[in-house]
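The two complexes that follow have chain A in common; it is paired with chain B in the first and with chain C in the second.
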Partner chain A sequence: MSVTTHPSASLSAAQKKKLGLFLLTLFILIFPYVHDNDGDIDSMANAAAYATLALGLNIVVGFAGLLDLGYAAFFAIGAYYYGILTSFQVMPLWSPGWAPLAALGLVEKMNQGGPDLVHFTLSFWIALPTAALVAAFFGVLFGAPTLRLRGDYLAIVTLGFGEIVPIVARNVDSVTNGAAGLNGVQAPHLFGSSFGVSATPYYYVGMALVALLIFISIRLRDSRIGRAWMALREDETAASAMGVNLVRLKLLAFAIGAAFAGMTGVFFVAKLQTATPEMFGFPVSTMVLVMVVFGGMGSVWGVVLGAAILQLLQSWFLKDMSGWVNAFGDMIGVQWLAHVDLVQSMELIFGIILVVMMLFRRDGLIPARRKQPLLNFEQQHAEVRRGGFVGLDRIPKWQPGRGNALEVRGVTVKFGGLTALNKVDITVPAGGVVAVIGPNGSGKSTLFNVITGLVHADGGSIKLEGAEILGLAPHKVLEQGVARTFQNIRLFPNLTVLENVLIGQHTRLRTGAIAAVLRLAGTRAEEARALRWAMDIIGLFGNRLTPRANQIVTGLSYANRRRVEIARALASRPKILLLDEPTAGMNPAETLELAEQIKSLHELGLTILLIEHKLDVVTTLASTVVVLDHGDKIAEGKPEDVRRNDEVLTAYLGRAVREAVKAEALAESANVV
Partner chain B sequence: MTTTDLLLQQTINGLSLGAMYSLLALGFTLVYGILELINFSHFNIFMVGSFVAMMVLQALGIEGQSVILTGLPLIGTLLAAFLATMLVTGLLGVGIERFLLRRVRYVKGPAAMITTIGVSYILLNVVLLTAGADGKNFPDPLPPIQFAIGDAVLRLREIMIWVIAIVLMGGLTWFVGFTRMGKAMRATAQDPEAARMMGVEVDRVIMMAFFLGSALAGAGGVIFGLYYNYTSAAVGFNAGLRAFTAAVLGGIGNVPGAMIGGLIIGVIEAMGGQFIATEWTDVIIFSILVLVLVFRPAGLLGRVAPNKS
Partner chain C sequence: MSFDSTHDGATPATVGPGRDGSLLLEFTGVNTYYGDLHALKDVNYTIGKGEIVSLLGGNACGKSTTMKTIMGVVRPATGTVIFEGKPIEKLSTSERVRRGIAPVLEARRLFPRMTVFENLEMGAYTQKRGAQFNEDLDRVYSLFPRVKERRNQLGGTLSGGEQQMVAIGRALMARPRLICMDEPSMGLSPLYVEQVFDIIQEINRQGTTIFMVEQNANMALSIAHRAYVLQTGRVVLSGTAAEMRENASIREAYLGELKVDAAA
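Up next, the complex of A and B:
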């Protein structure tokens, strides 16, 4: 390693980041003083508002991968919430019941020469957090019925809601003053003085809001919640099989995204002191989406930059540019150039940005994920350790319960007219290893799917340590202690080895959204424990995975991806591990290595149910073999017995071959005699 | 008017609107059936269609309501307007597919859908910047012939719309059901990979789906102009969203479903405007969209394309 003496290189990455943040903060703080132009400061405040919207949409689209095309609806809800409760639009008759609210300063009694009326005077500072709650409530309300839909359907339903909200605002004039918009919205007050007409106070509030939401976004992203969002974005089925409650986490993303928009609505309306339905239509939703796509979906700093660039492009650059072009047109006498307004072309530019970004740079200006460092030669060619797992001493032993870990009784699964499983019984004793074999299409994977709740059963019962788990949602099944791998590897492709394994622990950790943002000592300790456990599990595969812990799994070899999937399942500390063809596609050396590793898991006390085609693997590992054929269990017993079973031979090899094999065996025994 | 006459009148209006939505919904359904892609550019291909038709009619010397044609000149003019528009929008759709969407066709996630939103914005704003945002007086060469049924009125333009819609939809049904290319389209919708291995040129099939869908959207645009005597850059959004609702209602990916869905949405719009209130029509239609997606995502007639996720 060479040591550089360049001064800037002496700063660590973390120090550079801190310095950058400090300079940025300083610039934002002094900007209104060094650049005393109210119009430009106002543009910056608007940019801040759009940045907060982009941050909110980024949680929904970028983190959780739910395409929301009606995001402006929540912006509108926050805006009208504040607008109505601070203007003269809605004025019910005064009754003494209002007195307590008046005492709190939320309303005041007013007389305009008729009966006494109520004037709402909600403070901006109360409105900001409460609008977040109101919008989050609507986020859950709109989200709940739609979240079961596939991604593109969800997009269109959100678009529908996004249209309904402004139409309602336009049509209920008594509350919203219809298309004309709310009038006389109060400006915020701070320490008794009004914000007035200057843009500077709004600028500071806007920037503070951006800073707060960046902070919340980053804290959420780097937490159990953020990991679960990424998991469901990458692969919903795998996420739910790994314990992620899809509905709850999607609703959470919707609610938090909506809360950001609600707060922005309050800020925006306080700044403009009016609200009209046109401010919240589809073009606004699209514009925020453009900002997120431009900056980089899932990238917190990216979407802020995207919002800032696009907003300033619109309000500074295109305006100035129009001025120059118009002057030029005047000079050379071209009417068209003299009157063109480039700000009008903003939406055209939005469209072009969307298309160009999607075609050429889908990760946006600042991709959410940087490239991973490559392994060095030494790591790449590290010697393979044989003889089972390493570092087993760091893993506490599993304590198998007594009796049977898993009891499958009379389980039937039908797909249309096809019976994939027909009254199948399987018993896995605690601490045992049972293998399921059978020709392709015999129902092995369906068996795993029905145990883990991915497939609906048409009858029967599945008990885990005596408790019924049939009919539970996949994430509940995992929580009860059944973890699995998939035949065709379902890792979260764009996450690292470590992140994949951390997601396996989802149900074993408790951190919620609020704890993730506050990140108090308890949360930090839990996160540290989770990390240690994940590294211990990864360490079981020795130099196969440990040096690659921070690599994106897509770049790993096939065998390593299988190992990661097993590690991910193990991370949940299951009572029983379901392995679906763990050695498929591995070469003989790798197969042997993995078989030994599975064996050492068994020696640790873990109960294992295994689907496997390689009979030598089955013979070394399993004490009992169950054979399925066309959905029926045709044999069960010790591996060596099952091998000689007539029905098994027929199922695998056909009748003619079976006869030939038997004849050969007879001839052999005759020779011996 | 009596309630019966009102019902009859709004059914006439609704079926005319519905014919237009059906044509537009077919484009969504053809593309979705094959690519599982919601093509937002379709909204504004429709709008571009109405502008192209306006230019064609103006080029043929018809301005506003000043020229009234009958007989063969009328049929010839309409034929020219429809064919020219359908050719232009069809090629526009093919171009969008060939040069933009093909590059993101197999990208996981919403990239392709976001691209179509971008294209839709570009089409909208090119028209806005060149033709302006104001409403345009769409040329109307149709003679004011109408038939009274009780107090309800059936105008010539409605009969014309129905005839054209029936011809186009019949042609499409025949094409998809009975031609070699149609069979290839159905095969690709079921399983593009398998179709490719069986020798189907999937790229050509997809281009054909875009051509047909966009051409039908263009025809829808002409019908819009002739029905309302009006068009503007903004008409694509609402009509597009209604047509999409129609496609979902009928069962997206399902060709007869899109036709029936369109007619239902058209009648609902007409009845809602008459018996509830025009300003709530959109809310009613979007609510239908949401309700269908939530409670019967396969639509009335069911999905034809299998779930390829």
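Up next, the complex of A and C:
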């Protein structure tokens, strides 16, 4: 295999990026002067509007993974908000109560030969930010009923909202003027002069809006909030078990996405000076979604490029191309070429582009993530340090309280007619290690799920350091200090090792959406601390994980994925760690290594509850073993006692242990004799 | 016949490596890559008719890649894979199943929203429906009485051990000459591990060749006729299971990293 190198890379990646950004800005600034065609400048302004829509939908679909087919609803809300408050559609009777608003310039008194009326004159510059708030409010309102839905179901519900808004606009004639649409919407004013009908001022406002929203999108993406969105996109259950508040994060995505659309609505209607229900129908929602997919889902620059290309294609390039094709047809005397109108076949051309894209470049024009080269085999198998952890001194010790860390009392879980757990009691002393064993299907994983809030209990109580945690949502349970791993490994598959571990810290960090956008010193410091802590935790596994910190976790070996999952759980600094078969799929040597690592955690003072099938691991680590069978606790005690328990032998342990125990018994009786 | 939990696990004398000396599957000089990652390095295996051959090694040493190469999920860059005398390395996965190789996938991979019976039906997808189907179904049910009890339950609602039994049953429904198993013991309780290995041995006794990747080397060597040890994509050791059990480096590999300098 040849190794590819990048020759003559005289500029660093960051410098190239800066240069590219500078050239792009320069091009956008001088474009109206060098290309003095009002129609094309208008096309660019429209492209900017679609780019802002795509950026907003990208937050909902690309970042948070919530498929939204009714996104144009928020576009309509922003548009009608501005349209109604600047046109002559709604004109209540004048009363002195309006005077303060008139003084602020929001309304004016008007007389058309009858009684005095109120004419709304909301300024474009006030409408823009307030429309964001109004649309965000509707985003939360529409988002709330969809919270429990995912994938196809979510898409259908959003489709409904997307239909409802234009239908309302069409039928509430008195406010929206129905299908005929609003007329006489005011153009924006700046420094006393109106934007009028020239495309150039709209072009600059549109481009500024795109720049602002790109900035916001990138800041959000690279923050605690962006990470949490990606986590819930990758695996909701794991995200909630890692402390991500699903309700809040989903609503936040809907609200911010809607806010972008609301602002676009204001801009678009101000530019057209009219608003009709047709402008916000289902085709618009699909078009924006197509732009997002085409450009690269989750990729900020990608969706802008996708929107620009698709929008300019229909309003500019196809028209020009039709002219060329017609001229060519005339020249060679082919009738249909001379008369073909490519704009008429726009849908067909879009369709072909999309099919080709999906076949050859599924991740879009600019993929959100570049494929990283895997480590080569030599790197993968760099000398491995065995046993225990390294760098333990960097991890502060746990201070286990006195008494019991976790008390499970009489917990019952029923699935329909099946009793998965039947009045189970388990006590984990502070700083102790308790193991749960039992046959497959005996309720071990259900026990973990009920402790971490993923399944509901039908009775009982679970106390963490004396405080009831039963009934709390999974993210609350983590916040209280219970972290877990999953039997079948639930990492966030398309994120890196480092990102996975950073998400584990979600509840221990404070940055919100606004702080993420502003990124002040405090936020930067918090992020730096989080990064250091994550690298310290990753470093515990020596050179197993550290060289792979920026690798996507799907590329890792099974054992390494298990390690990442433990690291992710540790990152939240739990009071008690729940490990579900941590050594499954590991060979004896790797099992031993992990057992030693778990032991070092125990020695640092961490309380551990462990599900494990490998008896030698259980015997090395646990002070107490609890045996479950068919949801009942059938035994509890020291590992060596449980091993001899008849019931346990029959239900679980099998002949190898049975024979060993028999041999021991024989040896003992021989000694007695 | 159902499994016998008191069986002592010794290799039956009637089935030996390559009973009649004929080869079933042969890897010659196979190199497999994932991008720049050289996952299998010039690997040779031979599996004789009627054998149980086990593949041992640590994580990420190429075991699963071997399975994927046999099933056609990844294609070797160079080298040949011969099954029953014919090269198969260019065939699709479904064609390989049709030719008589059935997989038991890592982590079972049942169809979770289909019933146990439907999962078994899917196993027989390449077979003609008819008397033969019922015969095969009876065989699976007699090997796994538990699977019969659960036949109307959804695959996803079974316990890990039951899922493993359905996964093996599903593979048998394709009437394979070779079954490739990827970690049949993963996540199973000790009792289930013993049961599953008893059944694997029984299936082999009834004439099906088994190629098995397994982390639980002790169990694997207790039923296998021969074994290969992979390390960083290379075969570093091979021999009969008995030799392997006696081998000092295998014992060492059991507790520490395998150090074998001379590639076998």
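The rule is simple: the second predicted complex is superposed on the first by the 613 of 673 C-alpha atoms of A that agree within 3 Å, B and C clash if a C-alpha of one lies under 4 Å from a C-alpha of the other, contacts with A are read in each partner's own complex, and residues count from 1 in each chain.
As a working rule, a residue touches a chain if its C-beta (ideal position, glycine included) is under 8 Å from a C-beta of that chain, and two chains touch if they have at least 3 such contacts.
Fair warning: this is a prediction, and the values are worked out from it, not measured in the lab.
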item: Which superposed partner A:656 touches (first chain B, second chain C, both, neither); value: second
item: Partner chain(s) touched by A:358 [first = chain B, second = chain C, both, neither]; value: first
item: First, second, both or neither for A:588, with chain B first and chain C second; value: second
item: Touched partner set for A:441, first chain B, second chain C, both or neither; value: second
item: Chain B versus chain C as contact partner of A:159, first or second or both or neither; value: first
item: Chain B and chain C contact sites that coincide on chain A, given as residue numbers; value: none
item: Chain A - residues contacting chain B, complex; value: 61, 65, 67, 69, 145-146, 148-153, 155-157, 159-161, 163-164, 167-168, 170-171, 282, 286, 289, 293, 344-345, 347-348, 350-355, 358-359, 362
item: Chain C-facing residues of chain A, complex; value: 1, 3, 373-377, 380-381, 384, 386, 437-442, 487-488, 557-560, 581, 584-590, 592, 613, 615, 651-657
item: Contact footprint of chain A on chain C as seen in their complex; value: 5-6, 33-39, 56-60, 107, 158-162, 183, 186-194, 215, 217, 232-233, 253-257
item: Complex contacts: residues of chain B adjacent to chain A; value: 36-38, 100, 103-104, 107, 109-115, 117-126, 128-129, 237, 241, 244, 248, 279-280, 282-283, 286-287, 289-290, 293-294, 297, 307, 309
